[in-house]
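Let me begin by handing over the structure; questions about it come next.
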Amino acid sequence: MSILTFRNVSLTYPARTGRGGTGDKCVLDGINLQVASDELVAIIGRSGSGKTSLLNLAAGFLTPTSGTITVDGAPVTGPGADRAVVFQDDALYPWLDARDNIAFPLKLKGVPLAERRARADALLARVGLADAGDRRIWELSGGMRQRVGIARALAAEPRFLLLDEPLGALDALTRTRMQDFLLRIKAESGAGAVLITHSIEEALLLGTRVVVLAPNPGRLTAEIEAGFNAEILNGAAVADVKASPIFKRMHAGLTGLIHAGEEELAA
Amino acid sequence: MSILTFRNVSLTYPARTGRGGTGDKCVLDGINLQVASDELVAIIGRSGSGKTSLLNLAAGFLTPTSGTITVDGAPVTGPGADRAVVFQDDALYPWLDARDNIAFPLKLKGVPLAERRARADALLARVGLADAGDRRIWELSGGMRQRVGIARALAAEPRFLLLDEPLGALDALTRTRMQDFLLRIKAESGAGAVLITHSIEEALLLGTRVVVLAPNPGRLTAEIEAGFNAEILNGAAVADVKASPIFKRMHAGLTGLIHAGEEELAA
Amino acid sequence: MILSTELDVLPIDAKDTEPARATRPIPTALISTLTVGVILGLWGLASAYALVSPVFLPSPRQVVIALYNLVVKGFVDATLAEHVGASLTRIFGALIASIIIGIPAGLAIGTSRVGRGILDPIVEFLRPLPPLAYLPLVIIWVGIGEASKITVIALSMLPSIILSTSAGVRAVSKEHINAARSLGAGKRQVLTEVVLPSAVPSILTGIRIALGAGWTTLVAAELVAATSGIGFMIQSAAQFLVTDIVISGIIVIALIAIFLEYIARLIERRLVPWASHR
Amino acid sequence: MILSTELDVLPIDAKDTEPARATRPIPTALISTLTVGVILGLWGLASAYALVSPVFLPSPRQVVIALYNLVVKGFVDATLAEHVGASLTRIFGALIASIIIGIPAGLAIGTSRVGRGILDPIVEFLRPLPPLAYLPLVIIWVGIGEASKITVIALSMLPSIILSTSAGVRAVSKEHINAARSLGAGKRQVLTEVVLPSAVPSILTGIRIALGAGWTTLVAAELVAATSGIGFMIQSAAQFLVTDIVISGIIVIALIAIFLEYIARLIERRLVPWASHR
Amino acid sequence: EEVTLNIGYQPIVEPSRVPQADGTYEKVTGAKINWQKFDGGADVIAAIASGSLDIGYVGSSPLAAASSRELPIETIFVVGLISEAEALAVKGIEKPEDLAGKKIATPFVSTAHYSLLTALKHWNVDPKSVEILNLRPPEIAAAWERGDLDGAYVWDPVLSELKKSGKVLATSADVAEWGGPTFDAWIVSKKFAEEHPDVVTAFVKVTGDATAAYRANPDAWNATSPEAEKIARLTGAKQDEVPALLKGYIFPTLEEQAGEALLGGGTVKAVADTSAFLLEQGKIPAALSDYKPYVSTRWVTDATKLAY
């Protein structure tokens, strides 16, 4: 069992000089967070509160200004195969078709062509794109690209999945299916996951825990144990879960937390 | 009053030859739709059902394989200032900062620098990014970029706004505010609008009409007069509207329509 | 006209995709043919009315005859085919050498601090050097064999390949690199699987520029100790004011270069249909 | 070392942004200085042990003396400053001319079917032509004054500017163009407001390559009735085996070119910080 | 073991092109010969210095420059004294005094350049008062055609082109009389000469025989002769112009070579004079006190004894 730990992490984007330069921007302040590999921690927060920045730190794309990030005690010094990322803007490779994008991490591992194609095709089918393997990236719709991005990250079989609004561009039905898929594949693979989402419902359904990131600078202001995902995996109907009073109470509570300190601003 | 009309529009992407070539792909079939400038038509549908393609046709980026698209009877032969688009992937210009991106359509019209900056700043404030004007595009979060894209389209003062999931990357609160903003600015400006969204709730709240696009090939399978937007503009509380039985009934109905013909597939 | 590979016109006035009634106004090939026709016509007129002395601008007819003689009899002890063969060998030798050296060097400059520290000053020093100035030094160092000619041509090709490669590398999307690294790519893999493919359009442009530069340097390279080659042929003819041969040589160079360019564009079309989709 | 503008190293081994403890391993400038030092050292050794005849590889000391004499007394009737001034005027004249012609031509080729039809065959014909071959024709048309030298240099600069411009144009994102048109941009505005800025990184690369090519052609250009100019100076010295002057000239050219390259990179840094963010 | 002989020639119309075309050199020297074409003496000298060439063809100016830089070379055969082949052709100029302020072109560093400067000195015309331009022969023709030049000191066939619309003010034959002879010569790298003296002797012998063949009956080498065809084929000259081009030189025979006028003394003096002149012009850093080591009669003397 692996553990991803944020200890007192802060992040300041340095000032940009030159024309239209900006000042230093403190984006995250004193973040403490632990994600174990049997968990899925959902992060919710306002637009611009620093969710993507937090994920980029975990991925190793950014180095914290202060504090440390570790995986099983070893400091994160850069990106690595143990932490696969699904990007907010799909970062798919335009020179590869959908199948080869998904097979990309397998190619990196040296999996033979036929096998990696087969595995990519299986993943394509599981994200509902069985017949889109030959398509170029620009021939896919926004939602399709998101799903290819998810499949690509899964193909890497990482210890942690870092998901940045992976289901944002999907319609309700496809989204529900993908939620179910994510839940199951996470359980199967035993990978830990960090999920950024704008849907409080999604956060509650998928997350073992839900944390709230408040903006300016980004701080974790709340943390809730959810646990509905276990129920669903044990066979509970999603509709029933959503209809349960405790779910509704938590939903309302989180909504309030996100809105906290904003009403006066809006007034 | 202007009217945007789709008459019997079909679209087939031509086959791509060469390595990994694909066959012809019929994406839209026999679309008939009218959007008047006092309307906001919301389009909902599965991922890959052809919503973006439909919008690209209206924008003039694509030419229909058959059928005609007209604005006030004049055929659409290409993109034009009368139909401003908010893209699913923000198509912002990386060589301009946020403010100049918004001021871009004003620059095209020859508005003097000071004035267009002032107007861009006003729009920035209205989308909640008052202090982000100097930022480069890559210094903005996903949700911020979406809002800049919306502000840029509004700055063009078009006759029709073509919005492709413009609020998809926003948290609930920001999204609610942007919905309200869109509703009001649309009413103020008298522009017609086509809104693609994955949120049935959003479609019902903002749309004067909601149409459902079924996939493979994309066809309009339902059209519902919503009208809640008028209530909201007249002062009704959004929460009350959402709680009303008729809203709930419509929501359930649309959900059913989108899922129609899919359950057997999923089985 | 072979130039029209229809692959690189940006649809500012065409639609992104035009599924139906793709009514192409006038085919580019036709316009190009017309252009060439007009130029040939002007040339014919200029020489017919002797606007320029025939010593410097022979008539198209004369040049055609000279070309025919070149093919059949040859000039300065070699037929046209032999001259072309010799020059092509040098150009391709130089191209291969400069690709083998230039792409890794460009990658090193674009990706690694140490690589850049070492190579940048060397490249920036070599880049502006006029071949006519260092010709004696090249002779001293590599002798007068084929190696010296290939060296001179390669030195003129290298800079554009190195520069386009490193420019292509610099324009690689950071997200693409980050994605690869988080999917398990090592540094080498990032280079081969992301940076290199991303830079391919830029590298191809560099190779096209390099080919042009190579031809440009051909005459200078063949100034020294050549016994055949198009540049040698032109040079020999110029010495004795045999202008029809000079112009024939120029035309032959242009035709070969245009043919190679055509192939380069075909390759470009195959390799980088995605260039405007990133 | 002035080459290190720290702007174009891709962070394959660095982080995207390194807000804190940006521990740069070894500064590139230092590595570059070392590289230059090593080369100078090798040169010194080679000449000290007379590995190459001193006629062809004078010692660094001799070259420094030659440089000093060049500055103070001059060579072939002009001081170093006069030679440099003459050549710089030609290079910049040619650069301006080829920018004025090349960028619009590249835009036309990249964006319009008709423009491409007309210009492509002309450009592809001119591109590979060796200056040494067309020198007489240039003289017939523009005489032996400064114009001919500038023409020859400009002809060597044009191709890379045209090609990089049209390559840059082809890589413009279709979405960016579509966005502009739906926001009310006319064709001309799409060109000036979207296509041109998008192509700027590519155009700058083209200009950098062009500058190198210009220096490369300098000697050939100054074969034509020059009485001063670095190329003329080198040429004259080379004929009499005054190798220390030749090497001094080469070093002067390299230093100037490196300085210009440095400026080009500064401009690049100012204009296109977004190149890897699209 | 077979000797490999690398020869750098220039595309000059002169008799030794014929044995070159016939393969006589190979036959007589018994060496494997690589013929390399050069367009200027400076490159030939660089190639000899680099060890890539053993024997090379140079004009008197580059020869003087190379000797002054003390390169290990030796003059083995004076190919030809330049006479009518190079001349100063002018337009709108009647007498030498008119040259002041006029544009005169010549290929710098060539024998023509040297002759022009010698002629000016002879006429007491200050070279600074004349605008002397550096142009290669084809470019001279073009600039003349365009009317950019008032005169040019150049060689055939460009010279004959200029003569069509201009007049000759002086030829190299005149200049030679005024004390500035110019010539072309074969030189050898000293190292090669030491290692393979017999090859060098054989080379000189064949060259001398070719000259002798021409001198015996110059008129036989007419435009349709096989000799003219061979020369045209190797140089790129037009075949019907070959006889006229040959007439522009005085080709000394093998017997004349060793004489006081040539390798036996005249050549040394000419090289020394040329060097002194180049030094005066600031073209070379220093001249030597003695140029004898760079000229040798040994080869022509040995060659006269050789028979094949």
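So that you can tell them apart, the chains are marked A, B, C, D and E in the order they are listed, and the count of residues begins at 1 in each.
As a convention for this text, a residue touches a chain if its C-beta (ideal position, glycine included) is under 8 Å from a C-beta of that chain, and two chains touch if they have at least 3 such contacts.
Just so it is clear, the structure is predicted and the values come from calculations on it, not from any experiment.
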Return the chains shared as contacts by chain B and chain C, ordered by label. A, D
Look at the interfaces C-E and B-D and say which one is made up of more C-beta pairs in contact. C-E
Calculate how many whole Å lie between the centre of chain A and the centre of chain E, each centre taken as the average of the chain's C-alpha atoms. 82
Quick one: chain B and chain D, Cα centre-to-centre, how many Å? 48
So, what's the distance in Å between the C-alpha centres of chain E and chain D? 39
Among the residues of chain E, which ones contact at least 2 other chains? 40, 42, 46, 49-50, 138, 141-142, 145
Among chain D residues, those touching two or more other chains are 16, 53, 56, 136-137, 140, 173, 178, 223, 235, 238, 241, 273, 277-278
Could you list the positions in chain B whose residues touch two or more of the other chains? 13, 56, 60-61, 78, 89, 136
Which residues of chain D touch chain C in the complex? 1, 3-4, 8-13, 16, 24-26, 28-32, 34-36, 39, 52-53, 56-57, 110-114, 116-118, 120-122, 124-125, 127-134, 136-137, 140, 156, 159-160, 163-164, 166-167, 169-174, 177-178, 187, 190-191, 195, 201-202, 205, 208-209, 211-220, 223, 231, 234-235, 238, 241, 243, 246, 249-250, 253-254, 256-258, 261, 275-278
In their shared complex, chain B is touched by residues of chain A numbered 13, 16, 20-22, 44-49, 51-52, 88-89, 97, 134-136, 139-144, 147, 164-165, 168-175, 177, 198-200, 255, 258-259, 262, 266
Chain D - residues contacting chain B, complex: 173, 175-176, 178-186, 189, 193-194, 197-198, 200, 272-274, 277-278
Over in the complex, which chain D residues touch chain E? Could you list them? 53, 55-56, 75-76, 135-137, 139-140, 143-145, 223-227, 232, 235-236, 238-242
In the complex, chain A touches chain C at residues 59-61, 78-81, 83-85, 87, 89, 91, 93-95, 104-105, 107-109, 136-138, 152-153, 156, 158, 162
